[in-house]
Amino acid sequence: MFDKVYISSSIKEFPRTVARGIGQVMFQDNMWTGILFLIGIFWGAYMEGSPLVAWGALVGVLVSTLAGYILRLPDQNGAQGLWGFNGVLVGCAFPTFLGNTLWMWIGLVICSALTTVARSGMDNFFSRWKLSSFTFPFVFCTWIFLLSARLFNGFPPVFMGSPEFPHGAEGVIPMGFGDLVVYWLRGLSQVFLIKSWVCGIFFLAGLAVSSWRAALWAAIGSAVSLLIAFVWDGPAVDIANGLYGFSAVLTAIALGATFCNFSWRSAIWAILGTIVTVFIQAAMNAFFAPMGLPTLTGPFCIGTWLFLLPAYKFFQPDEKN
Amino acid sequence: MFDKVYISSSIKEFPRTVARGIGQVMFQDNMWTGILFLIGIFWGAYMEGSPLVAWGALVGVLVSTLAGYILRLPDQNGAQGLWGFNGVLVGCAFPTFLGNTLWMWIGLVICSALTTVARSGMDNFFSRWKLSSFTFPFVFCTWIFLLSARLFNGFPPVFMGSPEFPHGAEGVIPMGFGDLVVYWLRGLSQVFLIKSWVCGIFFLAGLAVSSWRAALWAAIGSAVSLLIAFVWDGPAVDIANGLYGFSAVLTAIALGATFCNFSWRSAIWAILGTIVTVFIQAAMNAFFAPMGLPTLTGPFCIGTWLFLLPAYKFFQPDEKN
Amino acid sequence: MFDKVYISSSIKEFPRTVARGIGQVMFQDNMWTGILFLIGIFWGAYMEGSPLVAWGALVGVLVSTLAGYILRLPDQNGAQGLWGFNGVLVGCAFPTFLGNTLWMWIGLVICSALTTVARSGMDNFFSRWKLSSFTFPFVFCTWIFLLSARLFNGFPPVFMGSPEFPHGAEGVIPMGFGDLVVYWLRGLSQVFLIKSWVCGIFFLAGLAVSSWRAALWAAIGSAVSLLIAFVWDGPAVDIANGLYGFSAVLTAIALGATFCNFSWRSAIWAILGTIVTVFIQAAMNAFFAPMGLPTLTGPFCIGTWLFLLPAYKFFQPDEKN
């Protein structure tokens, strides 16, 4: 089952596979992107006083990548970092929402490994429509464990909001140019559940190392989300913390720089998808309020599926013409 | 991309395409049906003191049909009115549930156009089982915007019910024969979110112009839903307002007069599907109560899928025998 | 349509088909298993003072099996008992959660028949991925009727929990060895919504008659669920009543003794799936708390799909090697 050649070659590839796993959270099959992301995560987590988030991220990506080797999933996926990107997000989410108990860490390990299983199955499901499961394995598996934390005291839900009926919020935040730049960068950093503008700069740099298009669209995505959320008068404090940005950022990179061709039509398509993702973010926040469940990157998945599902039939004009 | 021939032919077809879009809400590829429906909508909306619903319907069908031309979706669908029926419902729903702000109207335009995108993708999904997405693009996209209205003050959710735990309701309503006829006609008019028995007559007339079978099944659907909802002692005021009828009406037309053959077995099938749709209506009302979200025509979609999904394998006896 | 040969052969097969339907709840195509299960159900229901549950089970399996004949679904499925297993669970669930009214019984009959329709359609859906709908027809159809009971007074939801926000629970229960054995057996009996350790013994015996592997994995499933739920400090009273066991038992039989090959890897796979099912159970309990809806065997379906969906691509090592 595990011959020596497989093991020794796996050990050699392992560090690169792990780094690429971190980069794949924003669709970059690039080791340096992953390393810059990881630096940003550690910087942001320590600055914000939540260092466990960074260590969780590291544990998560290691475990889910290892799971890929142990399950002997196709090597090509692993080499592209596709085993690790869900795990790293699980690792960020657990210490962000749950108290620091032994059982939280065991749950983090189980959930990270589970995303590798779930991704294999969900991609099997979505491949019928030439779609990917994106970060939905992370979203779905983490939802399971965060919801169970409402009933299992071994997972103390100390940093999760209380279940309540959805309601609008008033709030006054500073709106100077410098403030807006901070909010805009936080939209980027929240992709890894971190609220730190410095971290956002690291993420932009990590993207630019791999693809200037991806960096550009990430920047556009966060800016569009700020604009839409402010114009529609959303919850100001959440917007300032970047909580309406992260899904929009991912949708913008996915539609603008990853799965569509590069044309004016595609660019308009990507901006529409990003705008709709901001409304989906608000909608899911409201829907999950009575359970006190965070949306994670669910809005990105739904928004991107919505705009790629028809695309594969009628979009992609350059390829056909 | 947009040559002159395409534009000039599109302009000629446009009014008919729009009218058919309104007719397709009840599965009728017929311009006159659409015109009678539109008259009914305007009559009902003005009588009930909510004229914006009628104007919203007009904007919605225009925008979503235009979106079909702009996206250059297959012409044949457009000619049958399949771009417009989701948009007209979006246009009815926005002013029904949200306050009259500029952002509500911009949201209405975005959401109407989005249904054309969503329909193309969802039909791609459902075509694997020879099913259609029915009005689910309307339902899904409108859910997004209505839910976001809980958090985005730009969409004032002034006409949406408060989020609350589901609970039974007592209520006394007159039960004379004339009253029952009014409730029965309101079940029809609520397909377009209008509470007006006169409007219900226009809808029956519109259906009869295109297909007496469709008119008959719409009438049966509303009658069955009244019977079931009263026998199981549902919320009397809601029943009187037609809120347990509209989805059942659509299921009855779909199963009785559109997607099944005409036989006694199919008729029984359609009535069973209609009965189940009434329970799905109550179930979804209860499920969405904590979010304060209306079901829209979701119960019709679920009920009809449930009864068509097996049918394509073992039903349709006349075609095979 | 119904010739004499079909009717007379159906009448002969009917008792066996019904008994196998009961056995198929735990994947056993075996008449004696079904008979032992039914004895266990009657014993447990009468001991626990809820005899209607047993009679409901009998009505449910009869109606849903009859529906299979009437709809003339493929005979082979019927002979294996695949028409009845959802109906028997519907029959257990209705008197467990709803008050004893005429309308409850009519609802039970409608819902039981509906599961046969729904199963045919859902299997059509899931067959694209070589999956089965498992007990999801029961789960989905019963959810509809239980949710509608919140609004339709004809279904008095007297034994359903009140809708509330999810919250942790404290509780002290005896933890002697004998107590644990009782909890462990209740996890088995709750597959049919019965809280009775004697009933659990009948179920183990029924499984052993057909397959010692299935009996073993059922026993493992209940033990694993106890362990996980206690270690993570879940709601003690619910755990003692077997409410964290029944879905895990079904996942364990499905993955350990039914749909995977027999190897060490499969065994580990089955145990992982069982552990995850316990967390899904807690998650769904929390998710449905605001609607006051029981999960039924939904966690089993989700857990098993999650672990079979990838399996069909890369698992099943013995077949390929």
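Chains here go by letter, A, B and C, matching the order in which they are written, and residues are numbered from 1 within each.
To be clear about the criterion, a contact is a pair of C-beta atoms (placed from the backbone, for glycine too) under 8 Å apart; a residue touches a chain by one contact, two chains touch by 3 or more.
Quantities reported herein were computed from a predicted structural model and do not represent experimental measurements.
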Query raised in the report: Which of line, ring, star, complete or other matches the graph of chains that touch?
Result: complete
Report summary line: Comparing which residue numbers chain A and chain B contribute to their contact, where sharing over half means same and under half means different, the two sides are different
Report summary line: Whole-Å distance, C-alpha centre of chain A to that of chain B, is 36
Report task. Could you check chain C for residues that touch two or more other chains and list them? Result -> 128, 290
Report task. Spell out the residues on chain B that touch chain A in their complex, using ranges where they run on. Result -> 1, 71-74, 103, 107, 110, 114, 117-118, 120-122, 124-125, 128, 143-148, 150-155, 162-164, 290-293
Query raised in the report: Which of the residues in chain A come into contact with chain B in the complex?
Result: 128-129, 165-169, 229, 231-235, 272, 275-276, 279-280, 282-287, 289-290, 305-314, 317
